[in-house]
Amino acid sequence: MKPILSVRGLTKSFGRRVACRDVAFELWPGEVLGIVGESGSGKTTLLNCLAGRLTPDAGSVDYDSAAYGPIDVHGLSEARRRFLSRTEWGFVNQDARDGLRMGVSAGANIGERLMAVGARHYGEIRHTASEWLGRVEIEQDRLDDRPTTYSGGMRQRLQIARNLVSNPRLVFMDEPTGGLDVSVQARILDLLRSLVQTLHLSAVLVTHDLGVARLLTHRLMVMQGGRVVEDGLTDQVLDDPQHAYTQMLVASILPV
Amino acid sequence: MPDSNSQAGAYNYAYLDEQTKRMIRRAILKAVAVPGYQVPFGGREMPLPYGWGTGGIQVTAAIIGRDDTLKVIDQGADDTTNAVSIRHFFAKVADVATTTSTEQATIIQTRHRVPETPLREGQIIVFQVPIPEPLRMLEPRETETRTLHALAEYGVMQVSLYESIARHGRIAKTYNYPVMVNGRYIMSPSPIPKFDNPKLDRSPALQLYGAGREKRIYAVPPYTPVKSLDFDDHPFEVERWDECCALCGSRESFLDEVIVDDAGQRMFVCSDTDWCERRR
Amino acid sequence: MLPALCVSGLTKSFVIHAQGDLALPVLRDVALTVSPGECLALVGPSGAGKSTLLRSLYGNYRADTGSIRIRHDGHWVELVRAEPRRVLDVRRRTMGFVSQFLRVIPRVPAVDVVAEPAVRLGVGADDARRRAESLLEVLGIPAKLWSLPPATFSGGEQQRINIARSLIVDYPVLLLDEPTASLDADNRAGVVKLIHQRREAGAAIVGIFHDVSVRDALATRIHDVALPGTSVGVLA
């Protein structure tokens, strides 16, 4: 078995500000890696570098693709990278509006990845989209409604469906439950948990919420000031934090 | 070369200067070499505003010669104000014979219709195009649409057709219906009715498209496959009428609906005036 | 017969950075071995490190130095400083852990909480659920609670969910941290019986049993955590 993602010496600066420095790790198939840290820790920058949305200043991201074999994400042509983003990868944005077409129906949103790779049977596309709506617990009679008529939680679930319809192998998530009500959050986390398990997804999840990390991730990387200060098994990092910053983070969780 | 004997007097032949004609011809050659690809060109100021056919006129001006016979139609008719104006313009500046007969024309400049009479090899049809970018309504950014064309990422177009079916039960687009040219580029065939789309497929004539405001030229060389986009279970269909043409009885042509009195009486007549006249 | 778990030189301190990097040594040079069919009871005063030791075996706490080797898939696997996926694989198939507190996952019904470790191993959802239900029945959880998320259950009920979850898979190695702490006498007896069955079936067990009668019923040996070195004594 090979790692699905190999990252070495990943560094990205914006002018003089170093957003992330020397990040290195391997992600194995079926693993969910959490990246936690506070605002400004560099976690979103890191995620965007991994997903090919930003070009790092140094380092490499190697991905074991099904379409092209092992590739260097940033050495790939834009055409191929865009193709991977629509097929083997998913990206769940914090704000669902950034990951949806708000002006077309839910069915069209979910069906897009299928149509992008040549699906040409309206009835079948619609049927698949309808199934996915069911899987993300949205009523199927909302299939023709636009996401503008959806609640925030529904939009996020729709975004998830839109990403997963192409059976991606690797999903990037940027605070997928940020800004949602707690009960809505719980529902989406539950959904993500079961989907990741049943579909054997690998995922990189950025969050500042340690509870989300505990629930969804197998491994955790703690970032501070652009560096990874601690990493390991999620329950170990949270229950037996070694680094001062991690200890501070864990101690700062408000008890319920 | 300036011809002081021409009626145009101070104008260069066919109005445009030679360098401009050369630039446009180069754009046309490029367009013909890559069917359906929108070639930017340095559009000039023409003696009529944008939206009145300046793109088509520049294309015609670049290719027309004294041996040509020019036909100009607007919504199928030779006798509308704009068609007449443009025809007279070229008669004056290009010293060229003009006609209303599709068969006799060597160059046909058209707004929003393809003639009913099948075109033949050696003819050139020049389309006036308002918005050359078929994805414009779906993706407003020019940088993004250029990338989509370059990478042949046309999912968004299929999405819009899906959406049309979801909303209306069928693909509701009836004019400017998007087509796939030579299996590679999606193209806007200009606002012709979808009824005319099949005429573009493997036509023996050369199709040139000019958009003056947007400054783009594109082309479909003769015998090139042009396929209207659809779904397997919602195939492309042309319009049909229950009526026939009230003047010539045609059941095969595109019919305009004309209100004839204040009581709302209507009749259907061929939009292609030349076709209609020939049949009577 | 080969032991199931082999620990040597296990050393661990907690370093609390917020208090000026205060170091609290807890485990020093711990060594023990457990074989299939044995139940090793960890004893020692409160704060001696029993729970810490158990959690270190599970990989929940990080050892500073030493070795924890477990028999997994017919090989020895070193757990100290192992890659997370290695530890997770061992936890999935070889080593179960009953913690003192049930970590509650919102919205998931009790029966699915229990069934999950089996489903993760590839057991069909229906099969797993049936196994879960029979376990819950044996543990005295009424059927009307099976479809409810355990968040609102009593401490004793939650503990039994925890136990069921660790018994649904036949783990060769079982780590038990006060498995009967919140249970009444009846339920306690039921749990002891189940664990005893596992021991007889060949599981290697390391446990902390506050209740002396439970310890007497289950343990085959004692390990005193307060004393460094190997486990002492054999409890018949």
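Labels A, B and C are assigned to the chains in the order they are written; within every chain, residues are numbered from 1.
Going forward, a contact is a pair of C-beta atoms (placed from the backbone, for glycine too) under 8 Å apart; a residue touches a chain by one contact, two chains touch by 3 or more.
Remember, it's a predicted structure, so these values are computed and weren't measured experimentally.
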Chain whose average C-alpha position is farthest from chain A's own: B
Chain centroid nearest the full-protein CA centroid: A
Euclidean distance of C-alpha centroids - chain A vs chain B, Å: 46
Distance from the mean Cα position of chain C to that of chain A, given in whole angstrom: 33
Approximate Å spacing (C-alpha centroids) for the pair chain B, chain C: 77
Residue numbers on chain A that touch chain C, as the complex places them: 28, 31, 186-187, 189-190, 193, 197, 214-215, 218-219, 232-236, 239-240, 242-244, 247-248, 251
Footprint of chain B on chain A - complex, ascending: 78-79, 82, 86, 101, 104-105, 107-108, 111-113, 115-117, 120-123, 125-126, 143-144
Chain A-touching residues of chain C, taken from the complex the two chains share: 14-18, 55, 59-62, 84-85, 87-88, 103, 105-108, 119-120
Residues of chain B touching chain A in the complex: 147, 150-151, 153-156, 158-160, 162-163, 165-167, 230-234
